[in-house]
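Below are two complexes that have subunit A in common, paired first with subunit B and then with subunit C.
Showing the complex of A and B:
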């Protein structure tokens, strides 16, 4: 940890970044915090833990107001993918944010991962029987017959409290006007929200956007297997268009409009 | 469209979505497609999402609780939440 604090100090000192978004240990809790040149002594409380917040989203929000800033963030592979997606959708300019990478993925050398979502949770017998085991691969889900698949998703979706936690925590959800709050698209004033429309709208919007960070599922108070749903969505995008979300600065196939759009081949058109 | 059909399939709603390009000159194709699709939908039966037909959470048939959990715990498993 001291090495990391030194690196951040150096980044701030040399002007490589003006702000560093990381986590500060406050009374035992790691909270997202902006370290800057005026509070260098606070760097001793910079911490790395399982706690994850969409720091790149917070950074993009700051850059929207003060685009001249350079921001460093503590991040993992998923944060890098999120930055690519934010750049693709012109929420940031590539290079405005610098990632100080911490390890996340388990390896033979490192069985335990920092990333909380990599440790499958254990679920109760009812959820496993009637609903969906969130750690299930998409291929397993597809093996159920149509009725079972439908019932399982309905069971999961009906638990929704419409807290918008999945959207609010999502590092790549940045729209000012959200379809999920549009009265013409989703009926207002009831819980659960229109099933399965509410979740399918979000699923469609995650196509070519979701970077599989798992924050939505972490945030969901009722354990809806959102990650499984969005993972499938991006498998479809990959199968149909050969597009891998977050790995490049290439435009996603679903935001390309019109005949003259570059990068769209006849096979893409057939798929749409 | 291919994307939406795949997504519908994943959540168990396959067969209810179709897109066809039909020119105003292709009357026979229009008739054929509409008849075919109507027949397909009729075979699938009423939409499981039609108002009132969705099974409320309380009515779901829950599996029997395992012996160990049935006696104690907070009771939340019994209500199925």
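Showing the complex of A and C:
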């Protein structure tokens, strides 16, 4: 893909970005790789990878230490949504990160697919019978009666190892103090976590924030259908408030702090 | 200078692939290696937090030897000499079976091989066990 490499070279040459996060084959693995003006000759190795890493999260981590940098990332639709969410929550300034778009993986927002890791997988008979087929659409899940649904979710949640992988890989999880580690909210220092409280706390926090990238489900060692859960949560946000996460720089309906937070109008401010 | 360095988790013997985020020589975070055949992009809570012990202020970065009841930081040469001298004197006084060797899941296969070789060939004992039974 020489075109892609030329674009990145141009971005670096013109100073549009100081650092570009793409992928390169290292020791047989496609790994995220930082290209800059000092290693331009390595740009020929820049590739697209089917193994996806949260490049925007890595970028935001660098910006937290060196805010003067401008960072380019190789990205898809989900990365663009993630940047919007990060900007809405003041983790980055719009314009600090640029995306070079490549083909996208399947989601309700965009159909054409490139990402093999998100192809529907086949599961064992026990999971299909007692638990949940991760590739099931939310509408199919709702056809089960409430008790069956609850039992199925409990089966999935009780497998949790409490590795916090879903949170740690999540491009839009950035809180310094995480509710999942807060002793007043969840029981700390024990395994398994409190079911279903642990997962529902995270699900609530994903409302108006989850960008449906699927990295959490990818990282889950026990195949909990997290993407399905957060999709449902975001569907509720969309139905009730008409808010589509990551598509704009508009504040989410559930934010209660900061400029433009829900329900805060100029007249409120004048009153204060 | 930012780079991502592939490595293997040092916590247990499973050997999960990890990826360290390194900025200016300091590890910022740990990610699972997505294409690694052992863990396929998944990690346990210990693996996810590998960078914390690397950066911990409690981490021992040089050998220490107890002299007159107090720990003193010494060079590696000094520490090796001290260990060798003490092992020799214990073996001379009480025989090779007074020494035991504990191998570790956190070191490589080859290092574990060397450790049992050291116990059997150099010390002369079969007292070899591993950290899972500590």
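Some points to look at:
In this text, the second predicted complex is superposed on the first by the 243 of 272 C-alpha atoms of A that agree within 3 Å, B and C clash if a C-alpha of one lies under 4 Å from a C-alpha of the other, contacts with A are read in each partner's own complex, and residues count from 1 in each chain.
Here, a contact is a pair of C-beta atoms (placed from the backbone, for glycine too) under 8 Å apart; a residue touches a chain by one contact, two chains touch by 3 or more.
Just so it is clear, the model here is predicted, and its values are computed rather than measured.
If you put the two complexes together on subunit A, you find that subunit B and subunit C both fit without a clash. Contact with neither subunit B nor subunit C is seen for A:4 once the two complexes are overlaid on the shared chain.
Of the two partner chains placed by superposition, A:136 touches none, neither subunit B nor subunit C. Using the contact criterion defined above for the overlaid structures, shared-chain residue A:159 touches subunit B, although it does not reach subunit C. When the shared chain is aligned, no partner comes close enough to touch A:48: not subunit B, not subunit C.
In the superposition on chain A, contact of A:236 is made with subunit B only, not with subunit C. Residue contacts after overlaying the shared chain place A:40 against neither subunit B nor subunit C. Contacts of A:148 after superposition: subunit B is touched, whereas subunit C is not reached.
Judged by the touch definition given at the top, the superposed model places A:29 against subunit C, while subunit B stays out of reach. Superposed on chain A, the gap between subunit B and subunit C at their nearest CA atoms measures out to 16 angstrom in whole units. Every residue of subunit A that touches subunit B in the complex is listed here, in rising order: 124-126, 129-130, 138, 141-142, 146-155, 158-159, 195-196, 200, 203-204, 207, 229, 232-233, 236-237, 239-240, 254, 271-272.
Taken in their complex, subunit A has these residues touching subunit C: 19, 26-27, 29-34, 51-53, 58, 61-62, 65-66, 117, 161-165, 168-169, 218-221.
By the touch criterion given at the top, residues 1-4, 6-7, 10-14, 48-49, 54-57, 60, 62-63, 65-66, 69, 77, 80-81 of subunit B touch subunit A in their complex. Residue ranges of subunit C in contact with subunit A, taken from their complex: 2-4, 6, 17, 19, 21, 23, 28-29, 31-36, 41-45, 47-48.
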